[in-house]
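Below are two complexes that have chain A in common, paired first with chain B and then with chain C.
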Partner chain A sequence: MDKVAIIGIGMTKIEADKRGDTFADMAWEAVNLALADAHMTIAEVDNVVTTSNDFWDGRTISCMAVGDATGAGQGKNTSCVEGDGTFGAFYGLTRILSGAYGTTLVTAHSKGSESVSSLITNAALDPIYDRALGLDMVTACALQARAYMHRHGVKPEDLARVSVKNHGNALRNPLAQLPLKLTVEDVLRSEMIADPLHLLDCSPVSDGCCAIILANEQRARRSARQPVWVTGVSCCADAYYLGDRDLAVPRSLAQAAKRAYAMAGIHDPAREVQVAEVYDAFTYQELMWIEGLGLAEAGGAKDRLERGDFDLEGPLPVNPSGGLLGGHPVIAAGLYRMAEAVKQLRGEAGSYQVDGAKVAVAQGLNGLCGQSHCVWTLDNRS
Partner chain B sequence: METERSSVELMVQQSQINVPYSWWAGETASRFFAGLRDEQKILATRCAACSQVFVPPRKTCPQCFKDTAWLEVRPEGELVTFTVARRQLAALPRPVPLIFGLIRLDGATTALLHLIGEVPPEQVRVGMRLKAKFAAERRGGILDIEHFRPA
Partner chain C sequence: MGKKRVAIVGSGQTLHRSRRPDVNGQELIHEAVQAALSDADLTLADIDAIVIGNMDHFEGINYVDCWSVDGSGGWMKPVIKLTTGGTTGSTLSIGGYHMVASGLFEKVLIIGWEKNSESDTTGAITTAFDPIWDRLVFAGAISGLAVEAQAYMARYGATDRDAARVAVRDRRHACKNPHAQLRQEVTIEQVLASPMLADPIHLLDVCPRTDGACAVIMANEDVAEKLCPTPDWIWGTANRHSYTYLADVNFGALDSMAGAAKELFAKTGIKEPRKQLQVIELYQPYSFAGIIWIEDLGLVPRGKGAEYIWSGATDLGGELPINPSGGVIACNPIGATGLIRCAEVSLQMMGRAGERQVPEVELGLSTGFGGCMWTDMMLHGKRKPE
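Coming up: the complex of A and B.
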């Protein structure tokens, strides 16, 4: 693959309800933060990919409604991706690799505060076979949590430790929505939403927008900022119906990770990756995804977590930003993971900086229970 | 003219999207639903190439990309995983506690998503045997099975 780098990032603060901003206002803020970060003007953006979901936005062709805020309305080629921002970034990357563009601006946004998450995610189910049963994202993921815990003997307190760590990390991240100093007991005593998931096992409903700017090698080397290079990337999907999958096994994530690491020349990710930003929409997901990413053996993440290996001060910090438990703007969530990884590799993460991080992995997903995953390996060395 | 942001009264506009849909179930799901409604039987499809048996039935095998053939499976099976919904989430069709499960029916290789009833939530276990309870009034849909109950 030709060299492509991330040369600009912009993240709005993640909040429970951004009453002062429409979603186009959020996009405007994130885009201008990314342009300022890259020392670029909108004129230097060759094309635009926006990521959104019509149900979350409550309008059809939602992507076109952020065209003005992203500069696309200035006659640029813009296209959109429905799903997680990591998939939008993949499309942005391939547009550069086509040779047609030197830079791509990628945005992803949503406002969970404006609708009803349970109804929107219920509509992800098949209207003919199973939507009428009333499952939604939380109850679907509770099925997966149980399957994973049953397979590997994972206990509720193992899940709770993820919540304690990530909400604690969020205390250091000024962009996080839900910084909390918690104990395992606090998590276990929080409201049971869908057994085995307590309230504090679930990420919050959030508003936010993230933007990144990708550049080809020539443009990246001219950039005023230190480029963070994309060394590997892969997206892989599993079966649609929950009952067709082994929910306890992150199969498509393992496939995507394997391909991304092969591209990057990473042979032993647990030793070669210094920081991971993963899609912890629920506590159990962080454990499952750590294993799917090859950063722990199957069923082994809970023990490494308990030993402190994934803490900010540990050998392999996971979600030092606080992750999605610290704030979860759906659709934008995976792009935030990439932007947070870029901060780490530039040494700009402030009080949650991982010392000497050179290689990072960032992950996004789409679909109920992690049907499809997108894995990025990033490196700050040219 | 500039306005102080903090002095602005932030307003809300209420709206909703309400579009009726009529989903054509297609030949495969229609036959499955007719089996539930008319005969209280659970029909499945099998891929001759990989021997996967799909419940609910699929017209084609997603792995082998080949057509499938019909067969009947028993309305009994094993619970693969479950959850007990405790908060009254907006999508739930009945009052909590409501139990969802993935049930692998005898003779099937995939699991069927459905509700579990006639058992206290604290007695539900992965691996327990369950049997379909058909609804008294059946209209040709997934809720023609009222729920699965302990076998």
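Coming up: the complex of A and C.
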């Protein structure tokens, strides 16, 4: 793969209800932050990929709402990915690799405050065979959490430790929505939403927009900012029907990670990666995805977590930003992971900076129970 | 222009009908995928990645890329979903092009589909527009098109009889296309006598809504000629999605098409499109567009579209046949419609378009149009691009 770098990032603060902002207002803010970060003007953006979801936005052709704000509607070539922002970035990357463009602006936005999460995620189920069962994202993921816990002897306390860590990390991230100082008991005492998931095991549904700017090698080397290089990327989709999958095994994530690491020349990710930003929509997911990403053995994440390995001061900090538990603008969440990884690799993460981070992994996903994953490996060394 | 040159090596279309109660969405997708794989003599194991798209609210299914893997064959493969409204199908073909040109994937399967019978199409389209400023004054796709037609008629004195001539052309062409949904010749009088839907658009001026899917397989230059003796080479793409609010539209001309055409033709060295192109599959959802948009394409000067249509130049057998497939007026599974344009041009380039084949084609153009006055474009060639 030719060299491509991330040369600009922009994130709005993640909030429960940005009542004063339309989709376009959020996109305008994130895009201008990214342009300022990259010391670029919109004229230097060769093409734009926006990422949105018609169900979450309550609009057909939801990308239309941010056309002007992202510059997509201003005489540029453009496209729209529907899914997590990491997939939008993936398509944006291929548009550069194709040779057609030197830079791609990628955005992803969502306003959970204007949406009904249970209805929207229930609509992901097949209308004939399983929608009427009433499953939604939370209840489907509760099934997966139970399957994973049963397989590896994971206890509710193990899940709770993820919540304590990530909400605690969020205390240091000014963009996070839910900075909380918690104990394991606080998590276990919080309301049971869908057994075994307590309220504090679940991420919120938030408002936010993230933008990143990708550049080919030539443009990245000319950039005013230190480029963060994309060394590997891959995505992979598992089966749709939950009954067709072994829910306790993140098979498609492992496959995507394997391909991404192969591209990056990473042989032992648990040793070679210094920081990970993963899609912790629920506490159990962080443990599962850590294992799927090869950062711990299957079933081994809980022990490493308990030892403090994934803490900010540990050998392999996971979600130092606070992750999705700290704020979860659906669709944008994976792109926030990439932008947070960039901050770490630039050494700009302030009080949640991981010392000496050189290699980061960021992950996003689509569908129920992590059906389809996108994995990025990033490196600050040219 | 790309890192890897890219060609279309196969395509497939489903049986297109106004209602396909015999299949569910996944089965409809599967039908197109199997047709494309068999056309290219490939199996799913040969496919490296999948690009799929539709318009969610027409079926009411969220995360379609995930839900559809049993039909698309995406299991344990990279799958991405692109959605841009009416342009979805053409956006998909452009997406497949970039994925292959990137060098990351050798062969990519591109799928556009829609099961329009499962929803209230106009109800769904109306939600595309800004809930505060536009939605209350804008009902579905046809009203905006009627405004465009009226504005053009007022500017240039064109009539609904001129537009009817375009409908007659496309509906005649459709009779030669076994994939078309509506295969019936009509006369100008029949078009003008058909019910008025939104003045000046008559029923026979406008596209139907269709259940159907289309799949296209693209491959890079390392394998394309091994897979297909006459691959359809992609010379370039351009698009403009330049509209957010109704008041931004220059009704009476399609600025997005003029902008995309200018860029695409400049990039690919097309100086006189009317002379250099031999076939166009225009995403033309209603007959008036057949007059207006060929001006934006630069085929004829402003105001001269109708004259060119009446000359017969765009009929099969004319100097530059447009929509030999019968076009969108004859068949419109929305998320697939733009991709069908691309597939149809590929058949023309391969010399495999049967009764609707245009003789001696060297370069062809496929376009996509969305309800927000957007344009996507792809230039196809018989020869490998420089």
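Quick notes on this structure:
Here is the rule we go by: the second predicted complex is superposed on the first by the 382 of 382 C-alpha atoms of A that agree within 3 Å, B and C clash if a C-alpha of one lies under 4 Å from a C-alpha of the other, contacts with A are read in each partner's own complex, and residues count from 1 in each chain.
Definition applied: a residue touches a chain if its C-beta (ideal position, glycine included) is under 8 Å from a C-beta of that chain, and two chains touch if they have at least 3 such contacts.
Everything numeric in this text was worked out from a predicted model, so none of it was measured.
Judged by the touch definition given at the top, the superposed model places A:S234 against chain C, while chain B stays out of reach. In the superposition on chain A, A:V116 contacts chain B only, with no contact to chain C. For chain A, the partner with contacts to more residues, out of chain B and chain C, is C. Contacts of A:G83 after superposition on the shared chain: chain C is touched, whereas chain B is not. Once the two complexes are laid over each other on the shared chain, residue contacts for A:A147 go to chain B alone; chain C is not touched. In the superposed model, A:D136 lies in contact with chain B only, and not with chain C. Using the contact criterion defined above for the overlaid structures, shared-chain residue A:P127 touches chain B and also reaches chain C.
In the superposition on chain A, A:G20 makes contact with chain B only, not with chain C. When the two complexes are overlaid on their common chain A, residue A:A65 makes contact with chain C while staying clear of chain B.
On chain A, the patch touched by chain B and the patch touched by chain C overlap at residues 58, 121, 127-128, 239-241. Contacts from chain C toward chain A in the complex involve residues 1-4, 24, 53, 55-57, 59-70, 74-85, 91, 94-95, 97-99, 101-104, 124-128, 130-131, 237-244, 259, 263, 370-372. Considering their complex, residues 19-20, 58, 116, 118-119, 121-122, 127-130, 132-136, 138-139, 142-147, 150, 191-197, 239-244, 247-248 of chain A touch chain B. The touching residues of chain B, when paired with chain A in their complex, are 5, 8, 10, 12, 15, 17, 21, 23, 25-26, 29, 54-56, 62, 80-87, 89-94, 98, 100-102, 104, 110-115, 121, 126, 141-143. Put simply, chain A touches chain C in their complex at residues 1-2, 24, 53-55, 58-61, 63-65, 67-68, 72-75, 77-83, 87, 90-91, 93-100, 120-121, 123-128, 234-241, 251-252, 255-256, 366-368, 371-372.
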